[in-house]
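Next come two complexes, and both contain chain A; in the first it sits with chain B, in the second with chain C.
What follows is the complex of A and B.
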């Protein structure tokens, strides 16, 4: 439906209504951006400037947020003194490996589930969806027990397996939705032309579902990179990731706010970028395919 | 076996190994007193772990705190999310840019969000603390050290991070309301409020249920920002039942009791989720 038709139906606007709407949205944007802005600026300030809140009630003092001499001192501390480099590497390796496993197996499985007929199909579906309901802490308790016996605690492979516990069901279910949307007639035409099942999957179905597969991969990376509990309990010492590293910058003796703020920015910025990249599929992904934009 | 069967095998096999098998162990563990050191043997204790839960006052209190945290957060997110969705739906220019900015918080690691707010709420140099003191709501003391303010703080953080989710889900629903029905209602002379109640809302039932359901599941899942901001304190004021599980399993290292705790928590979440889904189906909503 053309945009202008939509507008004539929905919008009989009064000036007051418009102003109210703009104000609410503006307030919401300020509310959304402020925490990120303050922290982003703080990580390039020296500590004294980062802590320069004025007297209570001195509203002009708000400008202190923007008064500073840029410095990269905290990033230096973070990498040279605190040795943060490996944590980023661990996080990337674990996130990408687990996401690759989940998406490859998930794509194959999703295609099979979408096209095949199985006994207990509804039970399989229920199991896949119910994995999304399990809180991370609940999953970690038995995993910790099993991994301790297998010697997988505080290893990168252990972390990869742990991430796959939530990535695989997620990727499987999300990608299945994309295969379900492809009209079967397209594939049937190819069968008539003499293509094998595998050819049809490889040449027709998979390329058509490609946006969904990419979106699933990106979301898997996002969930894994952002994860804290699995990395803290299963990852432990030798497989620390960025979220775990940040929490350790807060010791009982002191809280290293400069490095913490810098590390927070390193943690969030790549994910904001990835999220915006797949923005179209974000809601579909987070609702496991139930709501589409 | 058919081609499709073979396609499913690798994923199914791995899924059984990494989800069904641990689930099975969780139930077994909940009946054991699990050994803390590799040399020791775990002993079978029957339902003692479950009985222990009920006797644990922190566990019982955890449910009350969780209910308060979940109930208040989700109500605020629902109302604000709906308002923002309505406004975004009516926005003529820049809707895309505004939406993109609005959705940023939900892509951030909950740990990062915890630290953003820990910094803002700090009593000596946090800007939000300064703001709250300056407008005079708070006279003295700290935010995260006060029992009711700490609860408010973790609610504020959840609202900041997840209201965008509600808003975008509702926005997707609003976009699907059939325009011909709205037009018909308008021609019949229905005022905007009636059109909203009689046309828009009924068409959004399924989207609303899904949004609330997923948000409920997720708020029960994450304990990261509580871990960063309050570690359940002060004096257990923010120790939700999900967070308390972390304490039981990985601070006190009572894995058997942790498994029982986790199993009950999982059952409750599933029970409530099923209730939601059933009520949606009864109302005749479709996916």
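What follows is the complex of A and C.
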């Protein structure tokens, strides 16, 4: 360190604290990244190499995990034999459409709840979020019967409706927080400048809540894309998604570990990408500085 | 430009009466200041003129048009907010261009007008910045710039300079007053700072507890306050009030207090609004700190007291004087020699004395 960069008491560091922090972070990284790394490496290995483990006590043998002939064999099996292509498509369509619907409706609803003043407002707000409090398993049986009666079982629209039911309250609450943070004066200024209420929402409020709207969208996509329960029960056969497809790689005869690993990477990778996106948006403090704090 | 007229306007939030029966007119091209302590209803009044709050009862006119049911965007007003309320996601230029874009002005006309406003306010070099990169004073200029780019009928300003530091505030008072003159605009200006009202306004409307207390020129509200509230609110340090008894003896009047008594001269008694005062009335006399003539000697003094503390202010000096139980502030030149607990004698400038009914607070003098 060229100079002493102590700024505030909040940034004070001690040697013990630093060591403790490094250890905790190291354990955490090993704990979370190792499984992902093994999966990522295994999906481009032939099965025999993937299962080659070193002798007990042979610490050098650990490095063998990086010695292999890369192969795309498992991906071929996945798409050519198991017919995985449509599952990805189903998952993407269901996730993106339900998230789009949830975020559009959620944004409108959130603005209304945030700005409107009406009777039972807090009760309505609580009721909306309370629909997310019970685990999905609780409602899956009644939903199954309702969807069967409506003819939505085993259809992609059915899956979209199911995801929207769960995504909407979540999106609404998340976005409402962002609208709540926008000072009302900014919108009032737009009113005085000549905007109609719709214009104020469209040109001022919604763009200022954009980080929240994008974050909500990404989280909704994540939830839908990773969902297993709804896809298995309501999506059924015709609207199978990646997580459901993965379980079917465990047959009565064998467990197709290679294709499972490949499918897992297909499942995880787009979401890691989205995760990086959301990080950027959540950190963005757009409203900072325009209104006196 | 246009006048703004309020007729028996009420604003109620549930049971709370924020504005009570206010009738007021801001004349064409006038700088009218709504002055009062926080919670007095001045901001609610302004927001009703802007159309941001609905009028509970009464009527508001801009020009000759009753605007009660007209949305803000059709009222042709411009407003500067206390918090500036710049659009954080737009650069300074786009902030100032916004009202023009909404009105679908052509881009080259917008450029011309924003340029001119930026020139008036001396913010040309800021046009390409984001609001978050500006200081408080700069944001405030941009907010004013956004208001003046188009020629609205009325400018509404809600404490626009109260968050600036003292030095900048003093500077901006002059700037705003000059701007009003240059634009030849009708302006309604809300503030809690009596100094802003006194220095800038053509007329001041003093409000308290939702009620309009007095409307008049700065000279009128300062020298002829209608009641104790106005008298006490305007002026710094504030007016001294001393509870006394007003004794009548035929045609002459006498002020009585346990510590002092003096006769009121003809010049004061001739100004009594009610010529038939009772023989004895509970009153409060109001004397501004500037209205005492201080002396170390007793000769001809109306009131005697003891120095409590002295507060030098560079040019002037405030002396806190205890008269029995009461404590009053008097202003004098810095050279006046005295010390704590010394006796001090005061002569009252009778042409500057105010007398208020102790129960109603109304001024007894015209």
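Details
Following the convention adopted for this analysis, the second predicted complex is superposed on the first by the 261 of 293 C-alpha atoms of A that agree within 3 Å, B and C clash if a C-alpha of one lies under 4 Å from a C-alpha of the other, contacts with A are read in each partner's own complex, and residues count from 1 in each chain.
Heads up, the rule we're going with is that a residue touches a chain if its C-beta (ideal position, glycine included) is under 8 Å from a C-beta of that chain, and two chains touch if they have at least 3 such contacts.
All of these numbers come straight from a predicted model, not from anything done at the bench.
In the superposed pair of complexes, A:164 makes contact with chain B only, with no contact to chain C. With both structures placed on the common chain, the touch criterion links A:150 to neither chain B nor chain C.
Judged by the touch definition given at the top, the superposed model places A:238 against neither chain B nor chain C. Of the two partners chain B and chain C, it is B that touches the larger number of chain A residues. In the superposition on chain A, contact of A:208 is made with chain C only, not with chain B.
When the two complexes are overlaid on their common chain A, residue A:195 makes contact with chain C while staying clear of chain B. By the touch criterion defined above, A:185 lies against chain C but remains apart from chain B after alignment on the C-alpha atoms of chain A.
Judged by the touch definition given at the top, the superposed model places A:81 against neither chain B nor chain C. The residues of chain A shared by its contacts with chain B and with chain C are 286-288, 290-292. Contact residues of chain C toward chain A in the complex are 50-52, 71-73, 77-79, 81-89, 98-99, 102-103, 130-134, 136, 139, 146, 156, 163.
Chain A makes touch with chain B in their complex at residues 1, 5-7, 9-13, 21, 24-25, 28-29, 31-33, 35-36, 38-39, 42, 50-54, 56-59, 65, 101, 105-106, 108-113, 115-118, 124, 127-128, 130-146, 148, 161, 164-165, 168-169, 172, 197-198, 201, 222, 225-229, 233, 242-243, 246-247, 257, 260-261, 264, 267-268, 271-272, 274-276, 279, 282-283, 286-288, 290-293.
Taken in their complex, chain A has these residues touching chain C: 183, 185-186, 188-196, 199, 204, 207-208, 286-292. Of all the residues in chain B, the ones that touch chain A in their complex are 2-8, 10-12, 14-15, 18-23, 25-26, 29, 34, 38, 80, 83-84, 87-92, 98, 100-113, 115-117, 119-120, 124-127, 129-130, 133-134, 160, 164-165, 168-169, 171-173, 175, 179, 182-183, 186, 192, 207, 210-211, 214, 217, 220-224, 227-228, 242, 245-246, 249-250, 255, 258-259, 262-263, 265-266, 269-270, 273, 287.
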